[in-house]
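Once you've had a glance at the structure underneath, I'll fire off some questions.
Going by the order they are written in, the chains are A, B, C and D; count residues from 1 in each one.
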Amino acid sequence: MLGTKLSAGDFSISNLGKPEKNSPLIKEKELFVKETQKITYYADIEEISSFIKQGKDLPCFEMAGPRKKIFFASEKINCAIVTCGGLCPGINDVIRAIVYESYSRYKVKKVYGFRYGYQGMVEKNHIKPIVFNTDMVNEIHEKGGTMLGSSRGSQSKEDMVDYLQELKISVLFAVGGDGTLRGASDIAAKIKERNLDISVIGIPKTIDNDISYIEQTFGFETAVEEARAVIKSAHIESKGAENGVGLVKLMGRDSGFIAAQATLANADVNFCLIPEVPFTLKGKNGLFPLLKKRLIKRKHAVIVVAEGAGQDLIEKEPELIKERTTDASGNILYKDIGVFLKNKITLYFKDNGFPATIKYIDPSYIIRSKPANANDSVFCLQIGQNAVHAGMAGKTDMLISYWNHNYTHVPIKLATSRRKMINPEERLWKTVLSMTD
Amino acid sequence: MLGTKLSAGDFSISNLGKPEKNSPLIKEKELFVKETQKITYYADIEEISSFIKQGKDLPCFEMAGPRKKIFFASEKINCAIVTCGGLCPGINDVIRAIVYESYSRYKVKKVYGFRYGYQGMVEKNHIKPIVFNTDMVNEIHEKGGTMLGSSRGSQSKEDMVDYLQELKISVLFAVGGDGTLRGASDIAAKIKERNLDISVIGIPKTIDNDISYIEQTFGFETAVEEARAVIKSAHIESKGAENGVGLVKLMGRDSGFIAAQATLANADVNFCLIPEVPFTLKGKNGLFPLLKKRLIKRKHAVIVVAEGAGQDLIEKEPELIKERTTDASGNILYKDIGVFLKNKITLYFKDNGFPATIKYIDPSYIIRSKPANANDSVFCLQIGQNAVHAGMAGKTDMLISYWNHNYTHVPIKLATSRRKMINPEERLWKTVLSMTD
Amino acid sequence: MLGTKLSAGDFSISNLGKPEKNSPLIKEKELFVKETQKITYYADIEEISSFIKQGKDLPCFEMAGPRKKIFFASEKINCAIVTCGGLCPGINDVIRAIVYESYSRYKVKKVYGFRYGYQGMVEKNHIKPIVFNTDMVNEIHEKGGTMLGSSRGSQSKEDMVDYLQELKISVLFAVGGDGTLRGASDIAAKIKERNLDISVIGIPKTIDNDISYIEQTFGFETAVEEARAVIKSAHIESKGAENGVGLVKLMGRDSGFIAAQATLANADVNFCLIPEVPFTLKGKNGLFPLLKKRLIKRKHAVIVVAEGAGQDLIEKEPELIKERTTDASGNILYKDIGVFLKNKITLYFKDNGFPATIKYIDPSYIIRSKPANANDSVFCLQIGQNAVHAGMAGKTDMLISYWNHNYTHVPIKLATSRRKMINPEERLWKTVLSMTD
Amino acid sequence: MLGTKLSAGDFSISNLGKPEKNSPLIKEKELFVKETQKITYYADIEEISSFIKQGKDLPCFEMAGPRKKIFFASEKINCAIVTCGGLCPGINDVIRAIVYESYSRYKVKKVYGFRYGYQGMVEKNHIKPIVFNTDMVNEIHEKGGTMLGSSRGSQSKEDMVDYLQELKISVLFAVGGDGTLRGASDIAAKIKERNLDISVIGIPKTIDNDISYIEQTFGFETAVEEARAVIKSAHIESKGAENGVGLVKLMGRDSGFIAAQATLANADVNFCLIPEVPFTLKGKNGLFPLLKKRLIKRKHAVIVVAEGAGQDLIEKEPELIKERTTDASGNILYKDIGVFLKNKITLYFKDNGFPATIKYIDPSYIIRSKPANANDSVFCLQIGQNAVHAGMAGKTDMLISYWNHNYTHVPIKLATSRRKMINPEERLWKTVLSMTD
């Protein structure tokens, strides 16, 4: 899907300098990863062969893990964690892993926790960072959310690097999505500009699972689990009334992975609408006539819609848009595809004199605030530990990923170069279609 | 609370006639309830004494349970179940209990299930009733909702009694809330008018727990359990942002029991708003300044609002009401106290230049579609069984209740004579206040 | 069930002295309970009438709640909590409620927490008590168990009262079952002997729900909920093999309430065995032939057994008892009715050449360590608050109970005078039989 | 880990013959998989390079998925499903997927379901197979277990192939572990011997996750989720008593994946014992002194033991073994490492005069009978669909697997050639050690 334009060079990781100090792990019977250990990006044998035939190096990821030689004298440095963007199951697990690994394994002096995202990284905002100890984080993974708080939006890179210098921080761990990671990359650039020895390690956090070059992001599985339960509720509601329609809006701004996966995990969804696949409301293959057909046949229906789906349809309703502009209470209302569909479906059936009942559920906050399920917890633990290994080794401007059985390093630039989306021509969407038609 | 105007007579139950047939239970070692067994309405010793001193009979409930002599030749009759109104955890448990008890214990010929509420009781609506067998209901209690479907609103009593006659039904079990029960009472009146031997037994279903003369309705506990989980999500969300406000709308049209009980079950609610207790938005004791004060002090807050709370505030906003009437998409929007508060709080803080983030959750459909928890399941089982006992004994125009350790009979007229609400002067609300201030 | 020998006097509560100080609550708009407010023990109108006809006072419970005048100058005293016996959902909720109510409402100086039960109340055992603050208990209700730890067995009353005096404790809250409460009563007696002003308030904790004069104990409902889930597992297992038998042992030393209630909450139990109802293994109505009959008919079966059931059967097996005595690993093995039945059933079917598979589950620790469900949480909160009210009012040698809608005071002596058990002639057991035959 | 002895040939899949018929999918816009599409077995770039340098073909898996040309005239054939061995979350999901895919996509005539494992595949055992329809399986994925029932042990291959011929079955889907799959391979061999056109497709089911050449087996994740919850209970119990020890036995006969993964998912395990890593009880690095040390330091401890761990220790106790042989009730008892450890630890602390309390939990049946979590459900769906694709294409003696992002075909011989186990020298175990020491 991602084309053959990638070359081995796109996967190379930036380093602050040559790692020359002995890792504190050296005393233990540790398994070290060598810099030469790499994981193939392609798994398809034809792709691999094509590189070989052309005499080109295979694009591959640096393998994550502890290094024998590290860059920092770890017992003399401070680290810091910042969490940005919306909540996602597992953030606290990541924080916990970083704090434990930093203190227990690398004996770092202090781990700071910036509060409320990048806002807390600007000194003049007067939000004091936490100084962690292991007791503080011991049980946080049992709770959803982030103990540090979060915020959206960017801050001055100058100000943030100033504060990192002020606090004498050598490694910054930035937990966040696309925007946060670009921000982290900018911070790394600013650090380079100033010629500082500060490593910036990204931890990709996107409940939508829409970051490229990572098989799956943490929290996604937990989100699908919770989404499945909500769809079950919608199904029960839809069967509770004659011609009942259960409508569930799920997370997914640009990528419909949660909607698609939850549809497969549950067997009750009849219509799955995602940003990647445009749809119409009326006309031959329009949602409304298909929905009516389904109701006539089965008396109930379940629709799942990703929040980013059908945005073009909303724009096409000038009347509604006009009303929107005069709405004093915020213009979010009519951009909300869930509310939009609920209202439009209601109107459609009213206009058609067809008695239907729509039950609309928006479970986003309920889903994203849940603690990580067991698998996500283990995943977060290992991502967090590998992030610390990478930081100590002096890697920078990169994030921790997982690919073909292995934890890997990915340049932030590469990971943010294009969004991961569902390809409607590939297997996942075909399977969704086969389960919903 | 309910006054001393009640006399023993208000509690007397209507009968179709004298029960003269032997119950099929007679063969078994059954424990029969005598007609004279009654349960005191008052538990307070002063109330009881006052009746005694005045030489008056104590108001008391007929005890529910199997009778030695029954009214119907049970093996020759048909029964029917109808479920009306919104979903509530446990409806399927009740259906299951009635079907099993009717077939296994009383050997009735057929148990019909009317589909989609009272709509299905009108023949010309062409919604064929189910004829139950025990296999069909064996596992339904593991699912939420009602396998019969439901609807709101009333139908012609004439039509419904016609259909009961047509199907030769001797006992009708009506599962529903206030309106449904009044409807059942009207059906019983029509039956009496026609001088028919058809018993009408109500099963009170109200997730709001707002029916009088019953300690607690089925599904209420399950609803509180689920509501608690959602409040937890709101709490996590509120802490995830600086000055985060988690706002949860819960069921409760006239009575705030779910909101109050969920507030006590959870320790994170700071403001609990219910229909019984008016509140203001601005001014000294207004919600907004108190909320701001809380945010300044603790950086986050959780608000729980029952759907029926603050309706007067919405009416006071002529502008918003005007917009509402011109809104093509349905006028529900601005009557929704949850959306109203979310918008008003957002505006308030914007106007005050105070950076706050509101996260609004409306979990109603998720809550009410859940299967009953264990306690509600047992409760539903026993209500269902007792409903069948009452019907077979020829009782009519009454419902099954629970009071002071015992299942009881309550005249529908009495139960619907006044709504059960939280008395702000009594213990429950005092405790809520002590937990939220 | 509990006989008519009880007189009003059995319900009278001991007091340290006349409450003469103003409650700190007096400033608030509080609802106070008067000493004359009482709740009828009997709800049955015939019982009530019989007392009245004989001119006798009705037996009734003192109503719990805050008093206008209290005994202690609350802001000058220390309190203490001790938790004893096995774990039970809700203990932490009770601790939390007592700590908050003591500090926030009554402004007591210190609340101590004795660690590991009565062991921690003996100074020479060198287990330092905790001094609570509200932060410490803020979130403990989200976890099962007891943050204080617990232990079984008694300690010297002299030593314990010595330590209470040493720590200047005025109110002791003892959370525990039958034995613990008797111990608390003995401590109260010793205190009286020494003529001290120390109040002893019991909080009945028994997952078995086997304490009399309380409708239901906290944690019981949660336990039934969890037990239901385990029975579901046993049912799945039983259906997974030809002639599969799922056998679940549940808590219930002398009283089978959990087994009975879980049987009603689940519809899959075929045999429910409790301590109150003796059973035989072989012979006409023996468990084994009935089990075989069921397997032949339906290919699978589920048995629930309370831990105290069938103890007589184990004693009758001299051979097994002999083996038991020579077993170095502890003699618990063959006293365990679960293991006993598993082995005996296996042997029976082997001897009969009947191919059956037994799957035995002992979920006790899993159940009792769960956090309280929402209803139990609210119940614990109110029990804890009322315990503090009682202690401040100078009540002693009593426990907090719930009866006919109201929180009540019960003399420990009365509550421990007889164990609450299932009466096989009453409704609960009849219903269990009707659901399992 | 698995060595370099593997060659491309080891991965080649057997076919009944050349697929020449058009797939019924051809009408749809389907995405077909070509026979040449393959997935690299190795992901490590060094391994891949070494093959290339030697001019050898890379070992790689055939890609699973629908083929344009299929072997069978699918609308004229019958298929059959058999489920063997212990329960595992997701079996019903697999059954459901196979039944739906067979009927809805390939329009097969009949799908049989053999009952109770291979036992039901022998006609003379008189266990009639089910003939599926889609209604029967519509909701089975919401329940744990297998709707077909299961059994252990093998049956005559002659008899089973006779019955397949008798029922005119063209594709057999065998869901099971190591033994079941070897059995399926033997059936395929017998089919070949008789020169029949019957495809045998394996679906690897092992809750232990111990089958090679598959990244993870279905149900494993769900099992870890449930195991985590049980460990939490053990942790609560351990803290509930002074020197409390929570001991949990988890599944894992030869491979400790569940124990290891659950240890990482939970942060409360202090000792994780698995079959792959021998341990001693006494002496310097023995479990007992380390446990005592931990208790002295922290007052509580949690031990997780896989069922196959420490079997050598049990054999070393001749006394206990002697008792075992005379125990009439089955010799399982002392082979049970959980009971063994519970007893030995109890004795150790008794002998040492150290007051400790052991709480032992064996949750196996509770865990394995759970329904699949969302991720396992999706996984099962896709495994089931791909199994049907493979069968229709005339593949045989192979199983469906997942490797490097893709569903794959693996020869049964290869998959059963060696068991997947934890390598104590690799990352997973290192991480477990770092979390528990």
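Methods note: a contact is a pair of C-beta atoms (placed from the backbone, for glycine too) under 8 Å apart; a residue touches a chain by one contact, two chains touch by 3 or more.
These numbers were taken from a predicted model, which means no experiment stands behind them.
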Considering only chains that satisfy the touch condition with subunit B, which of them also satisfy it with subunit C? none
For subunit C paired with subunit D, centre-to-centre distance based on mean C-alpha positions, whole Å: 42
Roughly how far is subunit A from subunit C, centre to centre by C-alpha average, rounded to an integer in Å? 47
Among subunit D residues, those touching two or more other chains are none
Once you draw an edge for every pair of touching chains, what topology comes out, line, ring, star, complete or other? ring
Please give the residue numbers of subunit A that touch subunit B in the complex, ascending. 87, 115-116, 119, 127, 143-146, 149-151, 230, 232-234, 236-237, 239-242, 244, 246, 319-320, 323, 326-330, 343-344, 346-347, 359-363, 365-366, 369-370
Show me the residue ranges of subunit D that touch subunit A in the complex, using the header's touch definition. 30-31, 36-40, 42-46, 48, 52, 58, 60, 65, 96, 105, 138-139, 141, 215, 221, 224-225, 227-228, 261-262, 264-267, 373-375, 377-378, 381-382, 385, 403-406, 425-427, 430-431, 434-435
